[in-house]
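Here the chain labels run A, B, C and D in written order, and each chain numbers its own residues starting at 1.
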Amino acid sequence: MSRWASADPASSGALLSVRDLKVTFPTEDGLVKAVDGLTFDLRAGETIGIVGESGSGKSVTSQAIMGLHRGTRAMVEGQIVFDGRDLIKIVDEDLRRMRGRDIAMIFQDPLSALHPYYTVGNQIVEAYRVHNDVTKAAARTHVIEMLDRVGIPNPQKRVDQYPHEFSGGMRQRAMIAMALVNSPRLIIADEPTTALDVTVQAQILNLLVDLQKEFGSAIIIITHDLGVVAELADSIMVMFAGKAVEGGEAEEIFYEAMHPYTWGLLQSMPRIDSEKKERLVPIAGNPPSLINPPPGCAFHPRCAFRDDARLGCSSVIPEFDISTEHPARCLIPEGERRAISQAKTKTRTA
Amino acid sequence: MTISRRTTALAVLAVTSVLSVAACGGGGTTTGSGNGSATGSAAAGQKGGTVYWLTKRPAEHLDPQRTYIGRDLANENRLFYRDLVSFPVGKTGEEATKPVADLATDTGTSSEGGKVWKFTLKDGVKWQDGKDITCEDLKYGLSRGFATDVITGGPNYQLGYLDVPQKDGLPVYNGPYKKTGQADFDKAVACEGKTITYHFNKPWADFPLAIASLRSFAPYRADQDKGDQSNYAIFSSGPYQLQGTWQKGKGGTFVRNPNYDPKTDQTGRMALPDKIVITEGLTNEIINQRLIADSGDDKYAVTDRKIPGSMYSQIDSNPTVKSRSTLVNAPFVDYLLPNFNSDVMKNPKVRDALKLATDKTAYITASGGDKYGVPAKSIVNPDIVGYKDNAAFTGPDAGDTAAAKAMLQSAGVTLPVKIKYTYSGGTPESDNAAAALKQGWDKAGFSTTLDPLTDTYYDVIQNPNTKSDVYWGGWGADWPSAATVTAPLFDSRVNGVGTNPKSNGQDYGNYKSDAVNSLFDQAAKAADVQSAATVYAQADDQLGKDVAYIPLTVEKFYFLHGSGITGYAQSAATSGYPDLGSIGVKK
Amino acid sequence: MFAYVVRRIFVGVIMLFVMSLVTYLLFFAAPSDPARYTCGKNCSPELIEQNRKALGYDKPVLVQYGEFVKGVFVGREFPDDPELKKSAPETIASCPAPCLGYSPLQSATVTSLIAEAAPISISLAFMAFLMWMVFGISGGIIAALYKGRFADRALVGSALVVYSFPTFFIGLSLYIFVAIKWQLTPIPVYTPISEGGVGAWLSGLFLPSLTLALIYIAGYIRLTRAFVLESMGEDYIRTARAKGLPQRQIMGKHTMRAALTPIATVAGLDLGALLAGAIITETVFNYNGLGKLAVQAATTYDLPTTVGIVLVAAAFIITANIIVDVLYAVIDPRVKYS
Amino acid sequence: MTDLSPSTQVPDDEPAATPVATPSASVTTPSASHDKTGAAGGKRFMRQRRKATDEGVALGEVILEVTDLKKYFPMHTSGLVHRAADPVRAVDGISFSVRKGETLGLVGESGCGKSTAGRTMLQLLPPTGGTIRYQGKDITNVQGKELRRLRTEMQMVFQDPYGSLNPRQTVGTIIAAPFRIQGITPEGGIKAEVQSLMKRVGLNPEHYNRFPHEFSGGQRQRIGIARAVALRPKLIVCDEPVSALDVSIQAQVVNLLEDLQDEFELTYVFVAHDLAVVRHISDRVAVMYLGKIMEMGSRQDLYENPLHPYTQALLSAVPIPDPRRENKRERILLTGDLPSPINPPSGCVFHTRCPRFREELSESERTRCTTEAPVIQVENGHQVACHFAGPPKVEVF
């Protein structure tokens, strides 16, 4: 990868090219800019991790790609080019046909994401038959195979059970089976393991890695947990207040982070493999308002490295230069940041 | 508990002369008015058609010995329960409440100063199954009233008057079901062929009035009697009989009784419609809205429900509707009772001042105006035989504040005099009326506390220990004689004033006067109604002098009827309710 | 499930007996004297005592209650007077089991009174139920689908207006304007199917059930709208969209199933309560159903009838509860009874 | 609407499928290793604790001692008549002690009974069995006044900062509640005290009259903490205090808890599922599974030398934000679902999912696991309830 993304999606050669995506929700208090100018590419079979805290816009991004904001008051602008077609512009019916078939989604809480009144089999069969003209019996056979494939024991019996009869891990497996039933080219996994216990999370992440190899799908994994993306992602985009603040290959983000927010995230997280009992370094302050974001760099009120006098952090909006390989939205000269980053990385891995 | 239609069920019946119909000028459907013929258009009435009677309150009893509601007593007499004597159909004035022979050959003969009465049955009077009405049937009917544990709810004059020995407060005879003491009853009521003889333990001068007003003395067929289960079983002796069964809360339909022979009937029952449908359970609003609309079968409808005050304007603004409205005297009188157990009211001057300060006009206005009633000059209804204004109450209707104040000042009490007024309240009208009275009294130097009772009323004020100074009351006579007004209300011996610590009967003001009591005795011994009336008038004078009561108003009935009705009449003969004896429908 | 239902019924029956006992105790604890009420003018204490005997209120409360319970199982005779039965057997009313008592104020057994009144209330309740379910639910769905737009505002607004009027007012207005003034319908009179056929039955039921239904329609529009909107916001609806299901299928299968399930249970309970009579509507339209009978019994101190209606009403409500719970287990696979 | 739920009531965070153990598997704390001589008013635990090595935990006196604590939730049978049936064994015989000034971490996955244990030891739930001693005194079944007095010394911080705050009360009222309930008026009045508390936990004291919904998640948790420390308790049970918070905020709250511990000489029982946070904050850690303690030891012992296969699997499952390490790691994956806490497996409750049982043991050894409940093994204060305790085959990190 030489640059984060090309200016023209047509020439990117990517499966999915998102350009300057903006999602705005009108509310009584004003416009909420949930996603504000997002750009990234995803090649077939690769995995991108979108990392951020609550309100950073990561989940809204995933729903915008699926077109789930259609029919609501949300305003979606920019380009989402999938397989050469702009998903923002195509008609509802075309988008509907692509959903579930070309792009599938795995949600955070499998219990609420599955309909409580229908059997798991019913819901997966439905997902299969809506895109494939097959008999119910054939669909059912296929679904049982899928359930078996995602590691659900005794699938003949399980197919006729209701979601509440599944354990949390099994439900997420069923969700994955539902997402994969049409062998989609893109899977969007929105916090797929957040509601799960750590041992189950490990199982599910393993399963996703295996299945990606088998089905060759590209994956967008959305999470707040840097540990999860460390395991899965080829590239990572860090989001803050609706904007991408840093993007790059996974190792670059972890070992050569170039944005103060990314540093903050890495440092504020206690690590299981760190025996040192030193104080955590939190990011000061609270998440900014999305209606009236701070002027200049949205992160500057919380930034430990801001230098308003020299750099104008509170007035100049930093750029996210997509022409570079590892863009970071920060006004601090790159050289300075590189130096800070190396110092920090040293302390982390020491 | 029986006294007021406001709080309780058992109403009353009233009396006397005219009521006829109002009918204001104008409409072609006007029936007679004033003292003219109450049945003017009835003369032109034709046979046939169906009359609808719309009402709210369900009949509690249609058993002759148990009925005690004015409306039901009247309708029973006109339709299916003939009596020895009845009030005539189509008469006005005093004639309306002068009994005429019905099942009997004449209006009865009395002897032994009114203690023995004899009646003879006509030939050819029959039950609905064609069997003759016999003397035994008359006797059986009366005997049922003695079964006080089965035949409940009806008038019980027979228990006090018939010459049957008493034990523990009840006659030794306990009715035809258990027959204990039958021999005593047989002695008191004897049949000899078609002649029945009643023996009373005291004179009963107005006995025929009682027969004509109540149904206690109506005949009853023993083989039809199933006790309480016969409550709604109607076995007719009159021109109509029940079709199917009576459904309480819904009503019933009456059709012609083939075994009724009009030739035996000299009371004037016209029996015009082929069918009479009585519908119970409707609300006042619905009934009167239907009568205003006057469409379909409602053209042939009459009612016993007053027009609600909220609808007066609708009627006044529509002459055709107004021509179908009638305003006649109701049998009820509203009055006030000073409590003779209260310290202030023991003072005669305070009672006088209260009387002078009472503003009847304001009371009537607050209650609903001239459609509600007219100022009363006595507790006795003007329609009662021998009625006279009570001189004590002929002052200005609006009261005389100055005179009242002067009287109060001379009474030797500190002003303002604090009094409590207890009344049956809870409706806007009753509360407004009480406030109107309070205003008059307070101007004259009283300071009145209002005490509305919204739940039970008479049960409360019946307690002699109730601490209040003035009570509200309402009354209607059982038959058109003062014997059923002042005597039951003010005879301290009958009501147990001073002897019964728990109840003052109906003498709620705890009034006790030996002079008045002896006048009641004297009147009761009178051989005839007229001479009794004179003595009752003397008693009333004394009551007025003592201010035992203060009359407020004689109530009115303001009714509507359908445009297709002929022979519409309301008279004292039917307690002011529409008289089914003359009503018919236009073809 | 079977054991669950049996247990619920058993508990229900016990509840009925407790309720009847409470009714007895409350009745005799009230200050008013029913015997005084039935006694005519000029009533002496002796006569009141006779009336009390005629009413059957002369024995101790618990003895009376015991007789009542006995009557439910083996039947009774009224009045309970061996002497009278011997001398005048025709005056004795028999009340076969299950006997809920005899009302001397209505001169009929309570069972027969209820048997006459119940079909009226039940007809009314079912008719109203039909109307409010059809109009309330469709209105609610329309309002939800057009949330925030004119149709929604109009429906919810008018529902609110209707909701704020007392039933009495709505009933009287419908009666006076529709039936009396404009004469769009005949004067509503209840006609059993056996007497006037289905047509007369339906036309008699129209206005009163509409009155009753209007209040419920208003409530159900709001209820349905809320449930549909809630359901539309559920994660599983998002899943359904993400699967690529057509809108029709999302609404018809996924949204409605979830939204209508709670409505079914609320509706079941509402219907159960209504079967025992709609007092105001029955009074306004002069329908002699259980509601009107209840008012009449309560205002005339008619204990046997009051107890009978309390029991019938409670039985309807208890039954409705059981049915709704069972129904819930059928429509919601998450619910299991053991 | 009537009861939709089946007959048992279990706290929200404990799914109906919960924890447990076999009859005799009780973890006994060897009392010899503790200094129980300290009477009330004995030497305070040193402020320098933070600098002490992990072995230094023997310093404070025992403030809380839990012995064979059990909490069962009753169940009943189906059928015509309900009879008591096997209960849910949420906590099934756990023993441990907490020393003044230390932090004991209680970790495990959902349904292991850790939250129930936390609540039971504070008497928020009545225990089914066992004893709880606070400062040497048996408080297992205290009630009324005494319990109320005890509440001034033992407090709780909850997971859901929003759900545990009354939305209709101002923050000032919420934080002042303990004073009012206990009838205590601090010097300078309640309001001044509350505002100083607010300041101490990092809230603006001017926001005294605001309502909970006006605060962010992290601030709400600060409110909950202020309320908990208002009466200067000695012991606080923190039930997943940071799991609902974002990473950056989580660090703020963890730091706050640590600062308060030093300042007010607090003792914490820290209930959490996040092994990294527990490692960071705890002095000693107990790992629970199906209502029982599987392994307990100092932080260092437990994380660097886990001896129980369950602890090893748990640690191995936690992802590390370090791709190079992640790529080298080999995970110890558990199979199957958590067994029912109503009918826990016989013998060692973990044997149904134990990788060592499955892969390393002989048939006869397995029989031991399925029939015999493991007795706690102690080595230098490091306790393991496993017949075949030992280091893992692969590195857990």
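In this section, contacts are C-beta pairs under 8 Å (C-beta built on N, C-alpha and C of every residue); 3 or more make two chains touch, one makes a residue touch a chain.
Listed by chain with UniProt protein names: A = Peptide ABC transporter ATPase; B = ABC transporter substrate-binding protein; C = ABC transporter permease.
These figures come from a predicted structure and were not determined experimentally.
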**Study point:** Per Cα centroids, the chain farthest from subunit D
**Key:** B
Review point. Taking every chain's C-alpha mean, which one sits closest to the mean of all protein C-alpha atoms?
Key: C
Revision key, fill the gap. Contact tally winner between A-C and B-C is B-C
Exercise for review: Averaging only over C-alpha atoms, locate the centres of subunit A and subunit C (ABC transporter permease) and give their separation in whole Å.
Suggested key: 55
Check your understanding: At what distance in angstrom does the C-alpha mean of subunit D lie from that of subunit B?
Key -> 85
**Study point:** Rounded Å distance, subunit B centre to subunit C (ABC transporter permease) centre (Cα mean)
**Key:** 39
Review point. Just curious, how far off is subunit B from subunit A if you go by their C-alpha centres, in Å?
Key: 91
Check your understanding: On subunit B, where are the residues touching two or more other chains?
Key -> none
Check your understanding: Of all residues in subunit C (ABC transporter permease), which are in touch with two or more distinct other chains?
Key -> 332, 334
Review point. Which residues, counting only subunit A, touch subunit D once they are in their complex?
Key: 53-54, 167-170, 197-203, 205-206, 224-228, 230-231, 250-251, 254-255, 264-266, 268-275, 277, 279-284, 286-287, 302, 349
**Study point:** Partner subunit C (ABC transporter permease), residues of subunit B touching it in the complex
**Key:** 1-3, 8-10, 12, 58, 60, 68, 148-150, 152-157, 159-160, 168-170, 176-179, 225-232, 247-250, 279-283, 285-286, 289-290, 293, 295-296, 298, 455-456, 459, 478, 488, 494, 506
Check your understanding: What does subunit C (ABC transporter permease) use to touch subunit B in their complex?
Key -> 31-33, 36-47, 50-51, 53-55, 78-79, 81, 83-84, 87-88, 90-93, 104-108, 116, 172, 175-176, 180-181, 183, 187, 283-284, 286, 288, 292-293, 296, 300
Practice item. Spell out the residues on subunit A that touch subunit C (ABC transporter permease) in their complex, using ranges where they run on. Key: 63, 66, 68, 96-101, 104-105, 107, 109, 112-119, 123, 126-127, 130-131, 162, 164, 178
Check your understanding: Any idea which subunit C (ABC transporter permease) residues touch subunit A in the complex?
Key -> 234-236, 238-246, 249, 254, 257-258, 261, 331-334
